[in-house]
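Read through the structure below, which is laid out as structure tokens, and then see the notes.
Per-chain residue numbering starts at 1, and chain names A, B, C, D and E are given in the order in which the chains are listed.
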Amino acid sequence: MLGVLRSMLTTLSTTMRRPVTRQYPESHRPIPERERAFPLLLWDHGVDEPYCTGCQACERACPCKCMTVTMKDNPRQAEGTSKRRKIVDTFWIDYGRCMRCNICVEVCNFDAIAMNNTWTGIELSAYDRHDLVMDLDELLALSRAGGIVPWAEYVGEENQKLPPRAVQAARTLAGRGPA
Amino acid sequence: MSVEQWVFYVLAAIAVGGAAVTVFARDIVRAALGLIVALLMTAGVFVLLSAEVIGLVQLLVYGGAVAILILFALMITRAREVTYRLDGPQKPLALLAGATLAAAIGVAVVGTVFPTNTDHINPVGFVEMSTALFQTYAVPFEVASLVLLVALVGAIIIARQEERQ
Amino acid sequence: MMPVLGYWFGIAWLDAILRLAVIAGVMTVVVIFLTYAERKVIARVQQRLGPTRTGPAGLLQGVADALKLVLKEDLRPTTADRWVFELAPFMVFVPVFLTFVAVPFTRDLGVRFLSLGLFYIVAVSSLNIVGFIMAGWGSDNKYALLGGVRAAAQMISYEVPLVLTVLGVAMVASSLDIRVITERQDVVPYIVWQPLAFVVFIIAGLAEMNRTPFDIPVAESEVVGGPTVEYSGIRWSFFQLAEYSSLFVLSALGADLFLGGYIWPFGSNPPGWLQLILILVKTSFMILMIFWVRATFPRLRIDQLMSYCWKVLIPVTVAQLFFNGLVLVYRWPDILLLVFSGALLVGATAATAVAVRRAARRPRDAQAVRDRRLQYARGA
Amino acid sequence: MSSLFANWVAVLFGSIIGTLLVAVALVGNRLLAPRDPGRMKGTSYECGMLPIGRAEGNIHVRYYLFAILFLLFDVEAAFLFPWAVVFRSIGAFAFWEMTLFLAILMGGLAYAWKKGVLRWS
Amino acid sequence: MVADFDTIDININVGPQHPSTHGVFRMVLTVDGELVRDLDAVVGYLHRGAEKLLENQDYRQGIGIQDRTEYLAQFPAEQSYVMAAEKLGGFVVPERAEYVRVICVELNRIASHFMFMGAYGTDVGVFGTSFIYGFRERERVYRFFEELTGERMMYSYFRVGGLAWEVMDGFEEKARALLQELKRGINDINGLLTRNEIFIARTRHVGEISAERAIEYGLSGPVLRSTGVRWDVRKDEPYSVYDRFDFDVPVGEFGDCYDRYMVRLEEMRQAVRIVEQALDQMPKSGPIMPEKMPRMLRLPAGEVYVPVESARGEYGVYLVSRGGNHPWRCRVKSPCFTNLQALREMTVGEYVADSVVILGSIDLVLSEVDR
């Protein structure tokens, strides 16, 4: 029964090792910088409005059709405080359907959408799956508060066809959530 | 009545109840369980008679082995309930057989001379009993093993025949 | 026989009730603790932490579980055999509770010290097999039926080696009184004289309790809980209670019979508190071993389990009885007990290992399997 | 009161207390737990599907043979218990007597083994 | 009277809600005592129309669907899909990207096999220990992937033509450190199960299938190799850069559950070897995408079938394009679906308890079976 003894020695040896458990709510695993948790919208702190113009490029590109976007005329363009002629009106993302493929980020022409890579953000446990449908305010909240480093920053140079201004804006937002 | 008597009546009542279930239950497994209850209570009665060893043997052999044997045997027959009629043309014969058995038991009970002084029993000690078993009753003891062997062989032969067919 | 003066309040029946009440309380606490301890130990084996949330270091997890079980809805399938289904937990639990009556924890601590204690424990503990069959049959569930029958077959089979091993010890001690057996070990514990008996005792005990690697009747991955599959809430908890109580009783019994119980190695008369510590340490040792085994082993299959019992365990334990008798009757030196028992242990172990290896290396009788499949294919 | 009675009264009360323990817990559960029976709740578990027929009649004959074997060895155990205590005082006679007894039983086991009772399939 | 002693056959549903059906697989067992007389496998509980979805998505979107189809060995699935598209479009993948792909795929194979080891141990009856061992190591791999791709499971990292983005800093050192940990994890599993007599007794000669029958069924992967057939797409139809590595294809002897386990265990070791070689040979810098990739991918009309050796066997994508930015038809040849056919033959005549072991030894991924 040497094999049986060998099994018991194996279990004994792992008993001696340190547990690998992480006590989740108290201690968070460090999140890699590239982490793409769920898409969020970015807030243009320069003019105090979303980058998103509601062009629906992401909506069309989404493989699982989890987004709904509408656009409207930007009232602030008339006032002259913003250069955006159109601005997002409503933006819905169903986090229950999103498969976090990053395609929406890649297709966005305005660098308006980014993947969350912090622990903070939108609470993703819900009693009702309808609670996982996020509206514009919820999607913008984290960026508005200055708590996100957008994924786009780390995309290889070849792949990112982003306006330099947008990259710059994303960098200025670099405040990390609790790691 | 003394405490022992009370205990006896309770045990006896449960035993009779179990026996009744055995006879009247339509579900055969329930009937078997009734039988097991009756057997267990009998073990209690043995202990009450200061026959500890017999009581324990009753528990071990009947409560454990025989009970399982009966239950297995019943489950092999695979019917959850007896759905066919139990009485038939043999009814009078069965009555006759039952009456004969009852009469025989009755005669035996009446004919036995019970010791009159039952307040006091002289229990045979465990060691004395065991010594007697292995010295005085050595031959019956050995024969018991043969009986068991024959039972086993018989069961195997029957079961294998059934399996082959 | 126990002097009457030793009874609390001097009244036998009152004393019995009081002691049993204490046992009932202690048993509940012990079971709650054991479920916690098992989860903790197995968690550490698996490099996890186990329960940590409920109470300090998760200590109250068992209590929380117990409360949850009491508050759960008690379900019964409508097609179940009502009486058989509802009475099965009684039949499973009460015999285990009754075994507590005869286990001495220290020289004075225990409900009763029966002169036939060993016989009594064996006889009583065989009763709860019926409970498993009842649960299996009463649930009207195929998994339960399969599991119940397996449970019964397994428990009756392993009852035999269990009895034969404790008999080996009883032969050496010439007594069935567990307290006497324990106190005969003031110099050498019987694990030394009877190593085979000890190993077989643990193996058979594991099988009696349906624990890994013999948890075939309740196998989660096959029969999803076996006889207990339809039980929920409090009714289910009695199966659990029975399992862990018998784990405790069996470990205490093993400590008494093989490890010198509450006296060794401090000679024949250690003080009461030391006795308690000794028995607790030894019982915990047994329990830890069982947990460790549970965290390590895969499960056997029913046919392997049966053939292991009948082809290996029973022959060797019977052989051990024979050698014990030989040594004891002809008054050969005691060391021969160890020699014979040890030789049997090594022989049986090696034989099993070799048999498994050889069977693994040899191609299976493919024809037989093909025949069976063909026969089935034709039948279907 | 005899010591015999004093011992066994514990067993008697043990069975009563054990039964009461279960019964009290069941009553407590009846009082505390919700009761909301439903048709689907009342079906027996078969992996989320409705059961195919009732659970009956699937006991392998093999089990029965094991039970018979067990009966044999159980009776043997019943004899062994007294024997284990007294065989030394009786001496060699009792030892060889039991050896013969065991030999006959092991002969039965060997027969069963040879006949393939211990093998399945 | 005689017939009364026969055990009647009863049918038992095992699954869809059963602890060891690895998802929502269902098998109806006809049981004769403790033996399985017949087995009826029922699939389709996880059918999500992945193939239909692929027809309606452009080539980039389809990659995410592949992740979901084969959720334990995602990279091979992605690889198969992007390779099909590359073949159709005639793209040449930069060498560096190929190496990164191979590293990802092999690490993914290890992760998938760890999952198998864990679940298989549980099927055989280990109380969670093998499961936790397997998950512990798999988690390490997933954490590495997360750092690389930003996702734990649904990577969408391979792109038609190359990779979505450059590897992270310290990729090579991290990968080598990971390999050291994985070797230790492999040893843990090996120590826990391989020589354990109970494990051997439970799996040896259980669920045997002969090499001829395996080929007739069209089995692939470890299930096929356990029968002694040395067939591995990586060796026999080398794709990507597999012809540059020195690795063995382990095969079994009897085609039983134990062999399937051993083949997978050895494959993990071989995968470690491959990754080590790939790390050595990998160009330290260079492009990861071809120079000229159109923003919106439109592939010429045509059809193509590209098989890869996934963790479970030959995973192939059959792509039909009629021009345009999405496939006209995309058929996934899933190894599990094929391997599952043999389940009945392997199980009938065995013990009921073995049915779950045999099922486990196929290493099922239901979403890939049902698609």
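Heads up, the rule we're going with is that a residue touches a chain if its C-beta (ideal position, glycine included) is under 8 Å from a C-beta of that chain, and two chains touch if they have at least 3 such contacts.
Everything quoted here is computed from the prediction, not taken from an experiment.
Novice: Without counting chain E, go through the other chains and collect them into connected pieces.
Specialist: one piece
Novice: C-E versus A-E: which has more C-beta pairs touching?
Specialist: C-E
Novice: Find the chain most remote from chain C, comparing centres computed as mean CA coordinates.
Specialist: For chain C, the chain whose C-alpha mean is farthest off is A.
Novice: State which chain is most central when centres are taken as means of Cα atoms.
Specialist: C
Novice: If you take the mean of the Cα atoms for each chain, which one ends up farthest from chain E?
Specialist: If we average the C-alpha coordinates per chain, B ends up farthest from chain E.
Novice: How many Å are there between the centre of chain B and the centre of chain C, using C-alpha atoms for each centre?
Specialist: The computed centroid separation for chain B versus chain C comes out at 28 Å.
Novice: Round to the nearest whole Å and give the separation of the Cα centres of chain A and chain B.
Specialist: 76
Novice: Report, in whole Å, the distance between the mean C-alpha point of chain B and the mean C-alpha point of chain E.
Specialist: From the centre of chain B to the centre of chain E is 61 Å.
Novice: Please list all residues of chain A that touch 2 or more other chains.
Specialist: Residue numbers touching two or more other chains: 1-4, 7, 10-11, 14, 20.
Novice: If you look at chain B, which of its residues touch at least two other chains?
Specialist: 52-53, 56-57, 60, 64-65, 68, 72, 75-78, 126, 159, 162-163
Novice: Touching at least two other chains at once: which residues of chain D meet that condition?
Specialist: In chain D, the residues touching two or more other chains are 5, 11, 46-47, 51, 54-61, 63, 67, 69-70, 74, 77, 81, 85, 87, 94, 98, 112, 120-121.
Novice: Going by the contact rule set out above, which residues of chain B touch chain D in the complex?
Specialist: Against chain D, chain B makes touches at 3-4, 7, 44, 47, 50, 52-53, 56-57, 60-61, 64-66, 68-69, 72-73, 75-80, 123, 126-127, 129-131, 133-135, 138, 141-142, 144-146, 148-149, 151-153, 155-156, 159-160, 162-163.
Novice: Going by the contact rule set out above, which residues of chain D touch chain C in the complex?
Specialist: Listed in rising order, the residues of chain D that touch chain C are 1, 3, 5-7, 9-11, 13-15, 17-19, 21-23, 25-26, 28-30, 32-37, 39, 41-47, 51, 54-56, 58-60, 63, 66-67, 69-70, 73-74, 77, 80-81, 84-85, 87-88, 91-92, 94-95, 98-99, 102, 106, 109, 112-113, 118-121.
Novice: Could you pull out which chain C residues touch chain A in their complex?
Specialist: 43-49, 52, 292-293, 295-297, 349, 352-353
Novice: If you look only at chain A, which of its residues touch chain E in the complex?
Specialist: 1-4, 6-7, 9-11, 13-14, 20, 29, 32-36, 61-64, 99-103, 115, 117, 151, 154-156, 158-159
Novice: Okay, in this complex, where on chain E does chain C touch?
Specialist: 10, 12, 18-20, 30-31, 34-35, 37-38, 121-129, 132-133, 136, 192-193, 196-202, 204-205, 208, 254, 258, 345, 348-349, 351-356
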